[in-house]
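As written, the chains take the letters A, B, C, D and E, and residue 1 is the first residue of each chain.
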Amino acid sequence: MIDIKNLTKQANNKKILRGVDLQVKKGETVAILGPNGAGKSTLLKVLATLIKPTSGIVRINGLDLKKNHIEIKKILGYLPHSSLLYDHYSPLENLVFFGNVYGVRDVEQRAMKLVKDVGLSFFLNEPVKNFSRGMIQRIAIARAIVHDPEVLLLDEPHTGLDQGAISILNNVILSMKEKGSTTLMVTHDFKQAAEICDRIIIVKNGKIVDDFKIKNRNLELVSEKYEMQMEGVS
Amino acid sequence: MIDIKNLTKQANNKKILRGVDLQVKKGETVAILGPNGAGKSTLLKVLATLIKPTSGIVRINGLDLKKNHIEIKKILGYLPHSSLLYDHYSPLENLVFFGNVYGVRDVEQRAMKLVKDVGLSFFLNEPVKNFSRGMIQRIAIARAIVHDPEVLLLDEPHTGLDQGAISILNNVILSMKEKGSTTLMVTHDFKQAAEICDRIIIVKNGKIVDDFKIKNRNLELVSEKYEMQMEGVS
Amino acid sequence: MSINLEREKAVLPGSGLTETRGENLSKVLFGASAISMLVSLYFIFIFAAEESTMRAAQKIFYFHVSSAWLAFLTFFVTFVFSILFLIKRKRIFDTYAYVSAEIGVVFTIIVLTTGPIWARSAWNTWWVWEPRLITTLILFFIYVAYIMIRQMDGVWDKKARLAAVFGIIGFADVPIVFFAIRWWQTKFHPIVFGEGPSQKGGGIEDTMLVALLVTITAFTILYSYLLHKGVSFENMKIKVDQYKEKLRETLDK
Amino acid sequence: MNLFRTALLLAKKDLYSELKTKQILVTQIIFAGLVIVVFSFAFDPANNTTKAVIPGVIWVIIVFAGILGLNRSFISEQRNDTMQGLLAAPMEAASIYFGKFLANFSMILVVELVSIPFLFLLFDFKFFGSLPYFILVIFLGSFGFIAIGTFLAALAANSKSSEMLLPLLLFPITTPILIGVVQATKIILTNMEKLPSAIAWIQLVSAYDVIFFVVCFLLIDYVLEV
Amino acid sequence: MNLFRTALLLAKKDLYSELKTKQILVTQIIFAGLVIVVFSFAFDPANNTTKAVIPGVIWVIIVFAGILGLNRSFISEQRNDTMQGLLAAPMEAASIYFGKFLANFSMILVVELVSIPFLFLLFDFKFFGSLPYFILVIFLGSFGFIAIGTFLAALAANSKSSEMLLPLLLFPITTPILIGVVQATKIILTNMEKLPSAIAWIQLVSAYDVIFFVVCFLLIDYVLEV
């Protein structure tokens, strides 16, 4: 599904990604861990076609990221740090707009259902600007999945969510996984990573330093491996 | 230290806080838990004098929030969702500026030390705008404590931090506690709440619905009480 | 586990609107303004002498001058209530300031339309650029800006506060409009009351003065009616909003 | 045709949010009024020769009111990084450009519809020229100005202080259009005998319009490229 | 004295960041240059009567370049909500106002220092009037304009589209000042015999300046109140 070869990214001579190689198969749920400033968000941005890599090849679904970016964008769902929502629009209007942009059918129904799923039906028609952080994050999640993407790129999706919303989000990811979606999730929360992911990648200094599968929500394994990687330096 | 009586906040008829009563003693570390949109951030903003309450009395250190706001602001350290940093300034310049504003002595030394403490000495003179989310959060924490505040108001301070930074933050809070600082921390992360706090408050629908002390990092107690409160409704 | 953003039922603090007394006052004011308008019409068209050069067109003078006077008055009321609001922070003061400014804008528009209509026959042009006219136009823009501030998004107390501040600052233009023709040597706009550098228009016949005073009184009564009506209308809107919110909260339950 | 579909969606979104808040339009119109007042200070309108500046004033209004709208059009996409949302969506850069262009263009037309009659009234201008030609010139000029302006607003939006940068980029590039339309407007309003010369100007402006619109269409990919 | 200390800190911060990026100043100066160039198109500088518009042009430059800077001054505090950082800090609202005022005022003085000589040069204007009076008028006018402008920029910053709202608020309120200084400048530059009349204007402007500065100082608490 996702095939990254020797990806590098440089910003003003500063190497952010230094040769990332990664293959992700369809249906996998991959957690990307790593210390602050490792380059995780940058990696996700490259995949979301929001940053041009300096060198390297990225293929998604067999398509080259450079050439077929429109095709690829159709199947991507991207959730960055910012919400990508229009402040003065209500959740419904936001979702309908983005749904239309992605060419979703029956977009009103779909939007309505999503808002309900993330537990904000009472706020369906209020402008987003007055929402609390967690409420915005919920709508942002709904926005990212409005077109039922085949590939989900989530950057710290659990930020600001309360316990209820976290379990909603996890259920969404798991149910999309069942439908065959591939998920890449950056997170600092090992517990959630262990909960929903079947593979863990650890990024450090712009490189992938570890890559392993986990089973049965093996939180200890994750912590252990992460510690090991981090100890090397500090 | 902090004394809140029947605090309400209304925004265009919408009740956000509906009568909050809270006493916090000097040196306490209080975690504020609650679902999204409960009014936790609003409560903190009122304390940080960034929002005027609709009614109610707030006293900090015996001073009335309305009348002595300059005095009170001097002893408050506030860390909201946004970083409050100047993008094009380096961490050092940011901290020196805010240090000066608060009238900190030997401000350069202090700033330097703080940047080192949060583990960003390599980035001392780079503009903040290129930082990753976690790095910004680290500097934001340093900014909030640049003047050694007696009262710390932290709104989801662990957001975006990696494991290392989380333990740095926890140590900072604990060491400030030893010096006698009072801390109010909004969080969704029960583990951190249990780790550093000796008292837990649960906010729901703009009201305090539970308020209890914990000992020995009793995570289960927190989860249990929280569940209990939330179940009541759903 | 599902999320709960539900609200609890809450009782609205009764926003005291003494309904019946308000109704009565409104009726009295309505009657008074209707009668006084009729009286003033009589004075304007029958009682007052006809001006020799402009004939009937001159009749617009009464509306013109009365609206101008009212514009000043409304903005002064806005000014006073703005100050009161900043001190007392009662919503009612803000409502008065706002409604008064809105009425003021309407009357400024009347000045700005009757003026040109008159000018068409007096000066043979719709508009000239001379101090009083310019400052009047600016007055209009200031209070449109005031209303723009009210249209900002945000909670009402923020908007009220900012608008009050602007209402205080903006009032500075009113004396300037008034004195404009006294400070600048004006070619066109006449001065009736008081001395000025150009004595061209000065002086006015007695019957006309009486008619003018009657019209001004009528307009002032009309203004108090409009203000009262507007304020109770605004209050109604606020109340409806409160009920809506209350209803929503009970629905959320 | 996907290009037009998404462009229309975008334009609809912008116009709808304008319909809700009416902020930009009202501001533009009041601003136009203010520019008229300011000009009345600068040139004594009683003076008859100042009638000659009316064509200039018309275009100053369009330019300044236009700039306000152009600025907004991309700045409004910066809050919450919604621009990234558009860039990450399956649409061509060209359709973002075209959508924004449509929204800006319809807005400036409304501004013109309100402010030009007002201007004529205030300056007591008697219209003798040819109305269809006048409308044509206004249309062509606004088209070119907004086409280039939207493009440059997209470019300026990359800067932190884009609302300052835009005028700097826009004025020099659009001067040929502006000179052309001012000349044409002047002839049409005051001196209809010289109509052929006005038509020559109109042709020039049209050519410029077409060329720039096409160039902007082609280059927008590079501007909005990430 | 705490008020002045923090005000100076704030002004220093703004000026220092301007020193680093030079963005605002450069934009303002280029913008001033553009205005001059545009005016030189509009009025043939060779034509002798156009000398009469020079006072107007000077103030148009100051006003428009000023607005760019004023806008920035509070918009730049919106990114990352740094304004909240200032509001949560132990400083009076008045010192935020005063600090911003100082920064804006020094910036506009630099712009004037560069652009007015340039204007004189380009329009081949021979300076006959009284230089001290000229400087006084420029100083007083800029002072009043920036004092009110800073205040209204703080007010407008509450709006989502503050860069559009500011001109709407600013132009009407400052017209008395602008009319006064344009008249005074005109007299001083071209017609020194009427100096008493210019002095009357100057007095008027000074009175307006003082009144508004004080009023702004008193009311800023309410504007920056949270």
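Going forward, contacts are C-beta pairs under 8 Å (C-beta built on N, C-alpha and C of every residue); 3 or more make two chains touch, one makes a residue touch a chain.
These figures come from a predicted structure and were not determined experimentally.
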Pair of chains joined by more contacts [C-beta pairs], B-C or B-E: B-E
Most widely separated chain from chain A, with each centre as the mean of CA atoms: C
Computed distance of Cα centres, chain C from chain A, in Å: 56
Euclidean distance of C-alpha centroids - chain B vs chain C, Å: 48
Whole-Å gap separating chain A and chain D, where each centre is the average of the chain's CA atoms: 40
Length of the line joining the C-alpha centres of chain C and chain D, rounded to whole Å: 35
Shared-contact residues (touching 2 or more other chains) in chain D: 21, 23, 27, 30, 34, 37, 41, 79, 160
Interface hub residues of chain A, defined as touching at least two other chains: 87-88, 135, 162-165
Two or more partner chains touched - positions in chain C: 1-6, 134, 138, 141, 144-145, 148, 153
Residue ranges of chain C touching chain B (in the complex, touch as defined): 1-8, 10, 155-157, 241-242, 244-245, 249
Residue ranges of chain A touching chain B (in the complex, touch as defined): 11, 34-38, 41, 81, 130-135, 138, 156, 159-166, 188-190, 226, 230, 234
Contacting residues of chain C [partner chain D, same complex]: 125-130, 134, 137-138, 141, 144-145, 148, 151, 153, 187
Chain C-facing residues of chain D, complex: 21-23, 26-27, 30, 33-34, 37, 40-41, 44-46, 121-124
Touching residues on chain B, where the partner in the complex is chain C: 11-15, 18, 35-37, 52, 204-205, 207, 227, 230-231, 233-234
